[in-house]
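Quick heads-up: structures coming right below.
In what follows, chain A forms one complex with chain B and a second complex with chain C.
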Partner chain A sequence: MATDQTEKDFLDIRDLKIGVTVREPGEPPRDITIVHGVSTTLEKGKVLGLIGESGAGKSTIGLSSLAYGRGGVEITGGEVFINGRDILKLSRGELNNLRGREVCYVSQSAAAGFNPAHRLIDQVIEASLEHGLMTKAEAEDRARYLFEALSLPDPDTIGERYPHQVSGGQLQRVMTAMALCPKPDLIVFDEPTTALDVTTQIDVLAAIKNAIDVTGVAALYITHDLAVVAQVADEIMVLRNGEMVEHGPTSQIIEAPQEDYTRALVSVRSIVHPEQAPTDTPLISMENIVAGYGNLVTVLDDVSVDLHPGQTLAVVGESGSGKSTLARVLTGLLPARSGQITYEGRTLTNAQKDRPLEDLRQIQMIYQMADTAMNPRQTIGTIIGRPIEFYFGIKGAELKKRIGEMLEKIELPAEMASRYPAELSGGQKQRVCIARALAAEPKVIICDEVTSALDPLVADGILKLLLDLQKRENVAYMFITHDLATVKAIADSIAVMHLGKLARYGTKEMVLSPPFDDYTDLLLSSVPEMKLGWLENVIATRKMESAGN
Partner chain B sequence: MSPVLKLIAQRISLGILLIFAVSILIFAGTQILPGDVAESILGQSATPENLANLRAELGLNEPALSRYFSWLGGIMVGDLGTALTSGTSISDAIGARLGNTLFLAAVAAMISVPIAILLGLLAVRYKDRWPDKVISATTLASISLPEFFIGYLLILVFGVKLGWFPTVATVFPEMSLGARLNAVMLPALTLTLVVLAHMMRMTRAAILNVMQSAYIETAELKGMTSFKIIWKHALPNAISPVVNVVMLNLAYLIVGVVVVEVIFVYPGMGQYLVDHVAKRDVPVVQACGLVFAAIFIGLNLLADIISILSNPRLRHPK
Partner chain C sequence: MDLKTIPISAWLGIISASLFAFAAIFAPLLAPYGMSDIVGDVWEPMSSEHLLGTDNLGRDLLSRMIYGARTTLAIAALATIVSFTLGSFLGMAAAVIGGWSDQLLSRGVDLLMSIPTLIFALVVLSVMPANILTLILVMGILDATRVFRLSRAVAVDVNVMDFVEAAKLRGEGRVWIITREILPNALSTLVAELGLRFIFMVLFLSALSFLGLGIQPPEADWGGMVKENKDGIIFGIPAALIPAGAIALLAISVNLIADWILNRTTDLKGGRGGN
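The block that comes next holds the complex of A and B.
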């Protein structure tokens, strides 16, 4: 046992340094340090939240407590003591004894983390059997007990199912049961609710919190969402670029953050956008739209919304609610089965391939994943210049000038034109996509979850840019999102979608004021708030169960 | 009907349709060959009169379509026609020889498939280390050598020098199983060396592909040993590609053994086919072609069905 380690700090990370070797074709391998000497300790039964943006090193630090480096990641320095021994010095065999026995792991995507070929119960009890901790019968009993503690439906039989037979929220809870089954001392939760819908997230969050309380296990809870971690953690460590920014009790971090960066994280979404009243003549009217895939599946059922010039219509809903399908119908990529789209007073052809070029130019799209929406072999200049050339036939020096102007609009330097997408950060890539949509000088831009893949502070910048451009270019947005905080920040009118139907539709003021219908109430109350005790409060007062339950 | 049964029924009906299509191709193909059976039977002694008589006798004057249907009708009841050169029933001749070919293929498969999969697993376990490289290099070498070379090499070493196995694989119906196994050992080993590399490399590639999955990381973080991870978590998800390549090679073992049968003078289908191609005995060639096609389609069908059954999403719908 390390000499200065106290009895209760069973996890003791000292000056941890983690590096990765980058191998780019044509260049000698480079070593990059991604975690620069982070130290922390954890008492038995306590929960430490690790929070930061992507690239902050939070997952990497979490995995180091299993002495595991993902991909080419290697722990290059420091010590990680668990129960008194430095696990970085263990042999492969000793490590196998640590993993799945003293420390367990819950990954971000349970859907990918479960083996599709085996029943859930066999995977849940696997580690307990592998390490000879219990008999098969004991392990199955414990699994069923944990299923119940995590409020899974049919705890006695759900284990007989295969991973594809349960929902995403349930799967995440089964994965938590899998981590708890061998009675470990520590569980690493790596963004366990990030991939879930907001209404499912709070159920899973409540279940995880309950399971932690019941079993008394200690946990590292990794997330980028401060409001989420505030609900479960005893202490929070804020990380940025592989360094610790601030570490303290949860209440202090939330209520009295010391560092500027933490303050920025706490106060994110500071945008105030005064709502505009709808105009008399909408730019686009979608009336009684019915649409679906094939002849059997109906995804949109009698949906009618209006889009006003220079305003933002936010379309909110959970996955599967039909919000992206609505966008596909508007663009004509998925022709509506019935219903009518009116654009500036005339009827728009339902199918995209029958629309004249001028109509196509007026409606542009920005996608969630900027990475996959751009050709990696084209320069930024080519990407932005393409619509200018295609719609307006502009070439040569004039085209170059226009590309420069577009880059200026999205607040990127003109030299960017010669760079490739891979050289840009996530936020910059999304800006390029905005410029590409704007270059067609459209009246409408459909923004499909454009900020979901971005860190909160970066997303904030993108939203500010979009609002700013809207004012200057008088472009209307159909803003598709599952994030209600974003909706509150930028919308003029809101359409709440639920199972292919409009659950609520009107101006922002109207939609966000009580009395609410049950679904909107569930949706609004599920958005995590940066308050201690919010989770218990909302679970106690909800009117409706979430669909993922 | 459950989706699995529906899918399997679909595959089977497609397979049957395919066999019919192949029968048309085989028949049409033999029709457009220059000359006809009568000419080749008579050879030098062909006079216009003789030819006309023989054509009438063989029914060659009938329109092609009716000849096709009478051929097909015979096949339906198990009658593959009569060999022109010997006048004997093709079904009887093929019956015995097909049995021999299948026996040789089965022995070769029983040796090669487990070894290929085991070597594939070992190559994954020791990826990029020396066992992987040795396995890759030796199996690649064995696939690069022509079959006749491997065959004669084995004859030289095991037949002539060591005298362990007979150099000529003579089998006859009264033989005991042990004697039969002993007789086909050298051709079976030759075939094994030919198909091993392909199956082993595909197994390795398919499992390595699965090893990238997130659930492999989950298993690793449970503290499972490497071989258990490969065996329990990777292999079940790699069954589909592995089975496909195994079936392709089994098909090769049956329809592609001509060279090996000739080297070892083994009385199988391949030799029978080659003999009758030389004699321009068209009905025999047609019959052999159809039997080979049916085996090929049947094995691939089996691979498809196993792939479908190995998919838990299809076996256990929501």
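The block that comes next holds the complex of A and C.
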């Protein structure tokens, strides 16, 4: 290997330019540049965090250190040196030698990254055997050593399992072991914890950090979550639209950001919403709700919550806690098996199809994925206008005027009415969904993870809009989320759900002040904070192990 | 839509399919002789008088080809319309309503599909009065089973999307959900299928005519013409190959168009608006 020992920086990216050919149906293909000349260096054993919103080019840059471009992406200029040679000039065979030997990759979805038909251990050691780096026995020893370093349970036997026999957080750690097994010089982590619940994320994060320390590997850590990357990275590079915004040591980026954009990222979620006291007469009372799918599976077990007019009830929990099911019970899409819903003092019919139109109008819903929540073949005007036409019978010029007013409320220009959903950005789409719900002039809007698919700054804008609208229209929100930072920002009362039961319920102040029950403590302490050393601190002090172990 | 983006293969298909359509529409003006006039000797070779020669009874082959295009295309088109209206409406209704209605319709369709189409058609047609209406209905209903399956599958996919749930939550009726939420999203798939089904109809009709249960003589249609002239092949007379070639050419050209439409079909999730 032509390693230049005098060179301190073993990864050296110089003026990297990446382009992609866009082929839209019905239009001639055109070339666009997605990374405009990014340069960076990395020393052995250091971790560089690449951070940015979607479309910032962070994954693309990460993959370029494997000399790989995903789906039509092409590296159009610049140089990437690893151990002193430009890997962009390597032949196919030499690249095969590089990948999985000197540079390894950990993807976001471990579930999709493993072959379900093979045992974990065989997949973990595959690259090492393929490159002839070790014998099978040596590789298996190393795998078991790594399983232990990654604090996986039963490190000696877990490799014998199949991918479906371990949890998502464990699988992500096994994938890290797979990347570490051939003793690479560099690992590219591509959003390794993004798909995990917060309480699982913290364990995976701690495990990855430990493994990096133990093995002394260098890493590129790609994520959109600044608080996460602050825990593992030595240096952080902030990217935006394929250009570098700021690059510096982690402490400097977090504590003294130089650029406005970085400052915005660091101070995100600074919304302050003073809590309102619950009223005497709740708008909606859900009492002793038991619900489930079929007759065997019970997802909600004896849940009672109240929603007060013009206030926000945040329903928090991890995946599988039953928080979305609670929303489906309220809408009537999943009739409760027992329990009752009281709306303005009268009992609400359980099944949605039996409810009168007026009741349907009063409870509207906003979905997580704005993409699938809007019919791609309808214009924005039709999407927003339909509830107005449907519930109030308004047509023609008057309808047009009302659509214009709705667009104004969500801070979008009136010309948007003739556009199609695909022409809008993610944040704009979610705004249109808000307008559609609001157009029915409801008393209650159910927000099902409305900001989780959005970039932090965009999500912030949506939350501000929601709070603003709440003040003006006096609408109550049932806000379903897994993100505690959001809850802290907007809730009046909070229901913490765990395994289908209410773990804690009350006003925001009550729920968020000690003494905590063990689960709420775990949940609250697992939310990454933008502080150095937060991770070690939490691991040392928390009361309960997360479900991932 | 930009004409320049249409690929050459689709252009070939469009040109040749429009030629067939043109011939069918203006048949009486284009045909040099009457459809069933005996104008020459049996199986005359191609000449300036009879461009494609004559058939087994001495009728002008070109004239019969042109009139045949009219019968074949018209009946295939009508049967396709029957099969699409019936199949797509029932398929989408089954997907949206679900439950017992879906079971009943889907199992009924399974039952119909379990019997080989051609044999089923032969049995029904030999019992029923042999006229064009029966023919169209039998072809249409048998083919509707395929359209039913496709449109149900597409509609089931669309039906679970959030925007359909949003419409249901709003309290929209089934008619709105089927026609305004689901149909526009299923349309390009269905249109592509329309081309293919039309071709199957042409082939089906030709097969029935060849077997003597389709269009009855002296009416001209391509399948029947193959049958009338098939004995000529033994004597080296190519008359039967001309209608056969026409069927093949039509099938290929419509397929080329259908392929192009299918390629344009964008998926729902990342789809580019309806423009």
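What we mean here is this: the second predicted complex is superposed on the first by the 543 of 549 C-alpha atoms of A that agree within 3 Å, B and C clash if a C-alpha of one lies under 4 Å from a C-alpha of the other, contacts with A are read in each partner's own complex, and residues count from 1 in each chain.
Note that a residue touches a chain if its C-beta (ideal position, glycine included) is under 8 Å from a C-beta of that chain, and two chains touch if they have at least 3 such contacts.
Predicted model only: the values in this text are computed from it and were never measured.
A.B. asks: Clash or fit: chain B and chain C on chain A?
C.D. replies: After superposition on chain A, chain B vs chain C: fit, no clash.
A.B. asks: Is A:P421 touching anything from chain B or chain C once the two structures are fitted on A? First, second, both or neither.
C.D. replies: second
A.B. asks: Of the two partner chains, chain B (first) and chain C (second), which one does A:Q165 touch, if any: first, second, both, or neither?
C.D. replies: After superposition on chain A, A:Q165 lies in contact with chain B alone.
A.B. asks: In the overlaid three-chain picture, which partner chain does A:A127 touch, first (chain B) or second (chain C), both, or neither?
C.D. replies: Touch partner of A:A127: chain B, not chain C.
A.B. asks: So in the superposed three-chain picture, is A:M374 touching just chain B, just chain C, both, or none of them (first/second/both/neither)?
C.D. replies: Touch status of A:M374: second partner only.
A.B. asks: Given the touch rule stated above, what does A:L357 touch, chain B (first), chain C (second), both, or neither?
C.D. replies: second
A.B. asks: First (chain B), second (chain C), both or neither: which does A:G100 touch?
C.D. replies: In the superposition, A:G100 touches chain B alone.
A.B. asks: If you stack the two complexes on chain A, which partner ends up touching A:T76: first (chain B), second (chain C), both, or neither?
C.D. replies: neither
A.B. asks: Nearest approach of chain B to chain C by C-alpha atoms in the superposition, in Å, rounded to an integer.
C.D. replies: Result, nearest C-alpha distance in the overlay: 10 Å.
A.B. asks: Using the touch rule from the top, collect the residues of chain B that touch chain A in their complex.
C.D. replies: Residues in contact with chain A: 213-215, 217-225, 228, 232-233, 236-237, 310, 312-313, 316, 318.
A.B. asks: Using the touch rule from the top, collect the residues of chain A that touch chain B in their complex.
C.D. replies: 66, 68, 70, 95-101, 104-105, 107, 109, 112-118, 126-127, 130-131, 161-162, 164-165
A.B. asks: With touch defined as at the start, can you tell me which chain C residues reach chain A in the complex?
C.D. replies: These residues of chain C touch chain A: 1-2, 4-5, 161-163, 165-166, 168-172, 180-181, 184-185, 264, 266, 268-275.
A.B. asks: Write out the stretch or stretches of chain A touching chain C in their complex.
C.D. replies: Residue positions touching the partner: 24-28, 331, 333, 352, 355, 357, 360-361, 364-365, 367, 369, 371-378, 386-387, 390-391, 419-423, 436, 440.
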